[in-house]
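Structures for review follow.
In the two complexes below, subunit A is the common chain; its partner is subunit B in one and subunit C in the other.
What follows is the complex of A and B.
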């Protein structure tokens, strides 16, 4: 069993640069965990600390029952797939996959069995005697995965493994990764800056910003109940619409800068006049006066994506942008005024100062 | 993909390369031709007369045991210098590559010996190893080694090898360091995750990936040891004792200017020239291509 326990992990670089602080998480055996966040948020640092490639400044890391802070990368029972694949360029595909097994001192027969199995899984049989430079990006990526699989580790670590590939290949390999995970049943920890990848792969997502964990939860948790304004903004494309508002005297509605009153799903216990951020996803806005929330908008331009159309608009009396996801047919032309409606229970409320979610 | 420059006037490109061609012709081709020409003549010491002897100068050389011995000495000298200089510099480069703080200072200090002229490098080691004054000779005496390169030919050869290698270490160091830094860090990390210890990582990953650098430096070091160490030998052992350190370039000088056998000296120069051409050819042809990934 290889559950991971991250207990208040921190990483400080010389010169007092804090890359990661106070990250705690409990990762179950067989889970697919995705660490996501913008570049520089510390997600790769955490992965590298788990791998043993970075020393852990503070906190404790357990893999299974073992405390591994001081262990060499090779002794942690992990395998890692790097963003640039990190295949040994002077070795053939077979030698690349063998390398770790030979270092472990496995018998020849066992090595051959494992390689045969991994190459079948990843459909690499025809490439065993090629050098990495003779392979395409997607094939290299599969070799890198193969090199991890043959090790039969308790934990697989992935550092943005798909980001050097084109969009189509990325989608394809994403699916392969997911089925690979189901077949192996091992713990996967996966770093990416791409929220779509995170949403489609993860059992649970750890979303980070500036070296801190913003939220840990299932993709649907993060989508439906973002813990902070940062999470709300990061998850979902196009991003959630954010409107600045102040709490009205009755505590059951909020007022936008142009005076529009927005009914809240439930009264909240904050002093009247408190600064709020109202979040509405583009897919939860519809054209029409149905209410209860109504917004007067001026359309700016539309993006036709095929299945649906994105309407870029702004609040009628200001430049605050609002994006709506509509059916392809009913998109108004640029410059038109329109009214959009939404239901209050689809609305997210955040404290405008701290960014924290306000429960309703 | 090569970018082609198109000149508007026809004579400009020729004018631009003219100085380079002029210099090459005057300082390289002309002397080379002269050497080639005189290698076919027997000339008297004062240059009053010369007789056509065809290939007899070459014939004489290859029948001369001292010349053949010099060939052997040169090979021993060349490969020892190359090996010693490269092994030391690789060690230093690996160490320097791990240094994070004050890395530039460390590097600058290591580069200094390269600024020392070969003759001076020789003289420094000559003094250090002087049997009656030298500190190194004294230390060697303390550990029971009787050092006297005035008498002992092997010791003399060893001394010039060390001196020549010492000077070359900094040059090799720069290239090895650059080579090491061009190896992606993730490869070493991947090997660490693949349970390879530091020593195994070095020999199975780092060293093979350095092959292009190593091969390039091998050629450069051999060329240096074969041809650029004349002043070092001249300033220290003068080829002695008993021709023990008389490498080919020194022999050219000894035959021509000391022995006044211009034809024989010219023939030796031509052979050296052929050697240089061969090595340059190897370098151009394989260094670019001998990249094994």
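What follows is the complex of A and C.
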């Protein structure tokens, strides 16, 4: 069984460019882990360090019981699927899939069995004798997955495998990936910048920013208890509404710039006047005066998405944007004033300076 | 957008036909001249249609050769040219593809220094470095040998540069995928890079074969034995026959025979050649 142990991994490029620093994680066998973050956050670097395509500057990496820092990619018991597929253009689909197995010196019969099995799983039987350029993007990506599957590795690595595909195909392949994971029972590590992909696929998400881990947790953890302001902002579409406020004298409420008092879910032990960021998800705001939190808003425009409607508004006296997700299509017209309410226990509190979550 | 008007079609065809005629006329003249006796070509006007001496002329050229050109049969010269051209072509491609592989895919000290050294030699054609090269070849005792004829012409900056440019367009992910597939550097080169370079190799093969076949100055300098004469030298020796009249019918016949191998190479590899110039199949 292959657990993965990342212990204080760091990557520094020549010229002292720090791409990744101090990343630790314990990945269980059979887990589906998604590394997510904006571009340049180091998520691909981590994946490539696990694959052995980048050297590890500091820290240790164990796959199973083996310390693999110094091992070649071919000896790490991993397989990788690349964003641009990286199929060998001059080889047929069959040759592409069996190339690694032939290099391992597996007997012919074994290779044939594995390829037959993988092509059945991925429905590629009809394409075995075609060259990659005769395939569509989705088919190419399936071949790339096939090439990974036949190697029967302990860990599958995916580097933004769906980003080159159109939206519909992406959704379809996402579902296929998920069922593939269930069938194989292997460890999947998947890199994406798309938080929807991360939320829908992962058992646990590692969310990164600027070379550091912001939070590791299940998708619902990240959604309901974001550890930092960055995570709160990154997870969820549309993004969480962020309001700047200062802590009032009674430590049980906060004051917005326009003087609106916002009751906090519980008193917090910070000096009065401390700068806070209040986070409210668009789906937790409702139209009306019900309170206890009430916000005076001016609507700007609405987006009708079918199932729900997004109301883009801003605080009445400032330009701070506030987005509300409404069920009915009864959103007020542009320029209209309205009052929105929310419950304090749905509110997230962050330290405005460090961005860390304030427990309540 | 390509316009389709009768007048333009006529014009383009006329221009093309004119160009082809212009280009082919000398070849036609050579072909015709090689079938006449010596007298027909000394008179004016020179004939524009085949004579009746073709068979005789060519059989003499191929069997006994010309006394004016040292009496070596053309077959021998053709063989020498072929050996030289093939050795130069294959040698150049082999060396340049390997050195381009080293320069693109391996990190070693002074990598760029080596690349620039190779690149700078692009500016030094054979003619410029001919005296020192001759000196080296003499001291190595390679005069009058196939080795002396070919080796100094093999090192090639152009081909190295072309392969380098091609390798740079190969996506890094392919190397990485190959590493994950347990392909070492030699495996990657043989199984992936070489087949992918097929069209480039074909294009270079044609260009270099013709380059090698047409070599004139260098063989003239390093060979003094008639057994090693190349066909291009043979033509030159026939025209330089001293006091006697040049034997134009034989010279033209030799030229026609000298044309055959390059034409065969081009025809055989034309498809790959065009592919190599047009797309890189990725």
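Throughout what follows, the second predicted complex is superposed on the first by the 359 of 360 C-alpha atoms of A that agree within 3 Å, B and C clash if a C-alpha of one lies under 4 Å from a C-alpha of the other, contacts with A are read in each partner's own complex, and residues count from 1 in each chain.
The rule is short, and it goes like this: contacts are C-beta pairs under 8 Å (C-beta built on N, C-alpha and C of every residue); 3 or more make two chains touch, one makes a residue touch a chain.
It should be emphasised that the depicted structure is a prediction, and the values quoted were computed from it without experimental measurement.
On the shared subunit subunit A, the superposed partners subunit B and subunit C overlap sterically.
Of the two partner chains placed by the overlay, subunit B and subunit C both lie in contact with A:53. In the superposed model, A:212 makes contact with neither subunit B nor subunit C.
In the superposed model, A:62 lies in contact with neither subunit B nor subunit C.
Within subunit A, the residues touched by subunit B in the first complex and by subunit C in the second are 51-53, 72-75, 78-80, 82-84, 86-90, 99-100, 103-104, 133, 147, 151. Within the complex formed with subunit A, the residues of subunit B that make contact are 184, 186-187, 189-197, 200, 204-205, 208-209, 211, 292-293.
Those residues of subunit A that touch subunit C in the complex are listed here as 51-53, 72-75, 78-80, 82-84, 86-90, 99-100, 103-104, 133, 147, 151. Within the complex formed with subunit A, the subunit C residues making contact are 171, 173-174, 176-183, 187, 191-192, 195-196, 198, 281-282. Looking at the complex, you find that subunit A touches subunit B at residues 51-53, 72-75, 78-80, 82-84, 86-90, 99-100, 103-104, 131-133, 147, 151.
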